[in-house]
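Next come two complexes built around subunit A: one with subunit B, the other with subunit C.
This part shows the complex of A and B:
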């Protein structure tokens, strides 16, 4: 059974449909990076999956439960790191953890404090006095306090410096390894998520443009760097996006690379190098690949 | 092994494959010998900042290939003895040779020219070191 699944899920506010017929599937233990530009509908989709917004059409299931109808039962099994951490500014993380512990059946208060300590976040300081990075770390510690089966994060590293981002990703990683938690992370942090996610979904203008294992995307996409004398037409079968001359030659992205066909066409393997997630994402969103 | 393995996220080679090849190189070079422990999936995943499932996949491939062995409750260890090390070294050499042959062909050189370039490089390397 998939830990997270939705089918033709349409979400919106009033008459405005923000997410249209979205389909997602994350197997248990999987890590899905939900990518998209600002306004693509990422947060709306996250809200729908967390039962904060009723579906206009279609369905969603998390751990087999309907998030809108079974929200209370579901939230006992799901940890959430919201876009803006929502602990009251005057409350300390220690108090917030104790408060969560009273609401929830199972709560690892000692684990939360230990995690905060390891991350160097003062659990006795009012939440509002913590730095942005510490607030995010704190929200993560609280989200993991209930030993969730599913962790949902809405752009958690936004506005964090590189050191805080790295610390945050390591902490998520540690939990993954320990418990095999299923993760859905909406993010702009392509670099941070590149080595963590095993699946990627791209949301563009409210629609899921692509959903695939990251490995498949890496196999399909290449950075092209060919000398000036190369014939641009030779690249046509390989899904060229943004092909342009750069003085020394031709550069761009290939969205439908095939190593065998490339070799058969007698093209130099060095012209097509691996593409990072940022290149892949940009080509998909701007090039309308797929 | 920790600190000596590295992954390149931008590479077209899947990360699990990079880890697998990294371990094979360490075995080929003798840095890892039979009986040596390798880091746990969790530790290596944290060190490399990659998903634990990725490390697990690399270890699984290496176990199936007989390079690593899992001992319940103890951890994962290198199994490849001198025979395995020799095989890995030969495989690495064959890989490098294929890459060199491809480069020479792509640059339009004939086999004889490639061979003499290799010959020259070989002697220069030796001379340089002596």
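This part shows the complex of A and C:
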């Protein structure tokens, strides 16, 4: 059974539709990176999946529960790291942990403090006095305190310095390795998420452009680096995106790479190299590749 | 209980409110010693004003910036990420805010209660009243907070409706005053619970439907508030139509205050709510005239009417002895304690002296000279039936059975002396 699933889910504010007929599926233990430009609707989709926004149409299920109807029950199984951590500013993280513990049946208060200590965050300092990175790390520690089956993160590494970012991902990775938590992370941090995610969904102008295992995308997308004398028409079957010559050669992205067809066409394998997630994302969003 | 977890956090998070209330209490205590503000009544007035202001300000502020503030930021609310229902979340936070408002208000009253300026019984009654008032304030401030953050023009409709509600209730109350005074009580008793129910629904239901979608929450609020606020005038109008059509006798019964003796009475007559004028009616002859404005009371023998003028400063005594003729004000004097609760004990037969309870003091006024003849402070309750003016204008007090006997207030010296038994009490 999918841990997270939504079908033709439409969400918005008032009469304004922000996410249109979105479909997602994350198997239990999977890690979905939800990518999209600013204003693409990532946060709105996350809010809809957490039962914070009423669906205009369609349906969503997390762990078999309807987030809109069963939010309270669902939140006992879900950990949330919001884009802007909003623990009440006067509360210390130790107090916040005690507060969360009172509302949940299962709560690892010692684990929260231990995790905060490991990340170098002062649990006795008011939340409002913590830095941006410390707040996010604190929110992650709280989100993991209830041993959630699903972890939802909304652009958590935005504004974090490289060290804090690495520490953040290390904690997420540690939890994944330890308990196999299902993760949905909306993010712009393509580099950070590339080594963690096993599935990617790209949201563009409110619609899900693609949702696929990362490996499939990596197999399908290639970064093209061919000599200047190469015939651009030869790349047409491989979904060329942003193909341009710069005098020294041809550069671009191939969105429909097929190794067998490439070999049959007599093209040099060195011209098509593995694409990173940023290349894939850019090709989809800017170049219209699907 | 999850609601209590949220309430506790609200109390802890806003603990600075207590410091503010303590400061207000100290200011309230110190204020009457400022130039021109002296005396027990000033202390009491300052304490009451600070109490009411504190409760309403705390309730309004906390509810305005509370949950709608979290939603308004359109963040993933920390509270909404907890496994707690909306009822627990909203109820708990409102309960916490309510406790803060009422508690800080109580703190402001402590000096007045401790020093005896305000009796404990009255203090508790006051706290119960402001506590009840704090609940709709919390809800209204919450609604206003959502409306403010949603930046929706629907707020104009809500404010217009609230204005219409105020105007229509005022008009209805005045009409009931004139035509069916008994229905006034029905309207006054029905209004608070109906209004409270409308506010509760307008807070809870939109959040349940729209949650963090403020635009939707706002729309639903207007959908609930519009018929809700129109419901009260509609009910009042139906009640009025019913009373005009014959309704039950209890609705049509006029408000009447009868003199203890004699034929005079005051019947509520036409006039706006803010200026409730009545008719002074002689039941024996049918003579009637517009009653003087302001709180008034008949003397024990029904012969005089004492009136406190609307400003609350002047006392006027009206002689009703001549049946169909009002002699007009025979005496006017400035009340020694402005704003104090007034109770009329008795008026001498020559209307030259009057016995009043002003606040917690027994005051005998020499109306002719415009001065206080005697003032006995400190007692909380006076049994007015023990006092009677004798034909010579002196005041006799029948002492409690434990002491026995009586004593006389000498009108010349203003001092009490023991009655010698030759002066028989005159029936009131």
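Here is the rule we go by: the second predicted complex is superposed on the first by the 290 of 290 C-alpha atoms of A that agree within 3 Å, B and C clash if a C-alpha of one lies under 4 Å from a C-alpha of the other, contacts with A are read in each partner's own complex, and residues count from 1 in each chain.
Criterion: a contact is a pair of C-beta atoms (placed from the backbone, for glycine too) under 8 Å apart; a residue touches a chain by one contact, two chains touch by 3 or more.
Everything numeric here is computed off the predicted structure, so don't read it as measured data.
Q: Would you mind checking whether subunit B and subunit C clash or fit side by side on subunit A after the superposition?
A: Fit.
Q: Using the superposition on chain A described above, determine whether A:108 touches subunit B (first), subunit C (second), both, or neither.
A: Neither partner.
Q: Does subunit B (first) or subunit C (second) touch A:66, or do both, or does neither?
A: In the superposed model, A:66 contacts neither subunit B nor subunit C.
Q: On the superposed three-chain arrangement, identify whether subunit B or subunit C touches more subunit A residues.
A: C
Q: After lining up the shared chain so the two structures overlap, which partner does A:80 touch, if you call subunit B first and subunit C second: first, second, both or neither?
A: A:80 sits against subunit C, while subunit B stays out of touch.
Q: Nearest CA pair across subunit B and subunit C in the overlay: distance in Å?
A: 26
Q: Help me check something: in the complex, which residues belonging to subunit A touch subunit C?
A: 12-16, 46-47, 50-54, 71-76, 78, 80, 82-88, 90-91, 95-96, 99-100, 102-104, 154
Q: In their complex, what parts of subunit C are in touch with subunit A?
A: By the definition above, subunit C touches subunit A via 2, 5, 9, 12-13, 70, 73, 75-78, 80-85, 209-216, 219.
Q: Mind pulling up the subunit B residues that touch subunit A in the complex?
A: Those in contact with subunit A are residues 7-15, 41-42, 45-46, 48-54, 102, 106.
Q: Where on subunit A is subunit B touching in the complex?
A: 29, 31, 166, 169-170, 173-174, 176-178, 191, 194-198, 215, 218-219, 222, 268-270, 272-277
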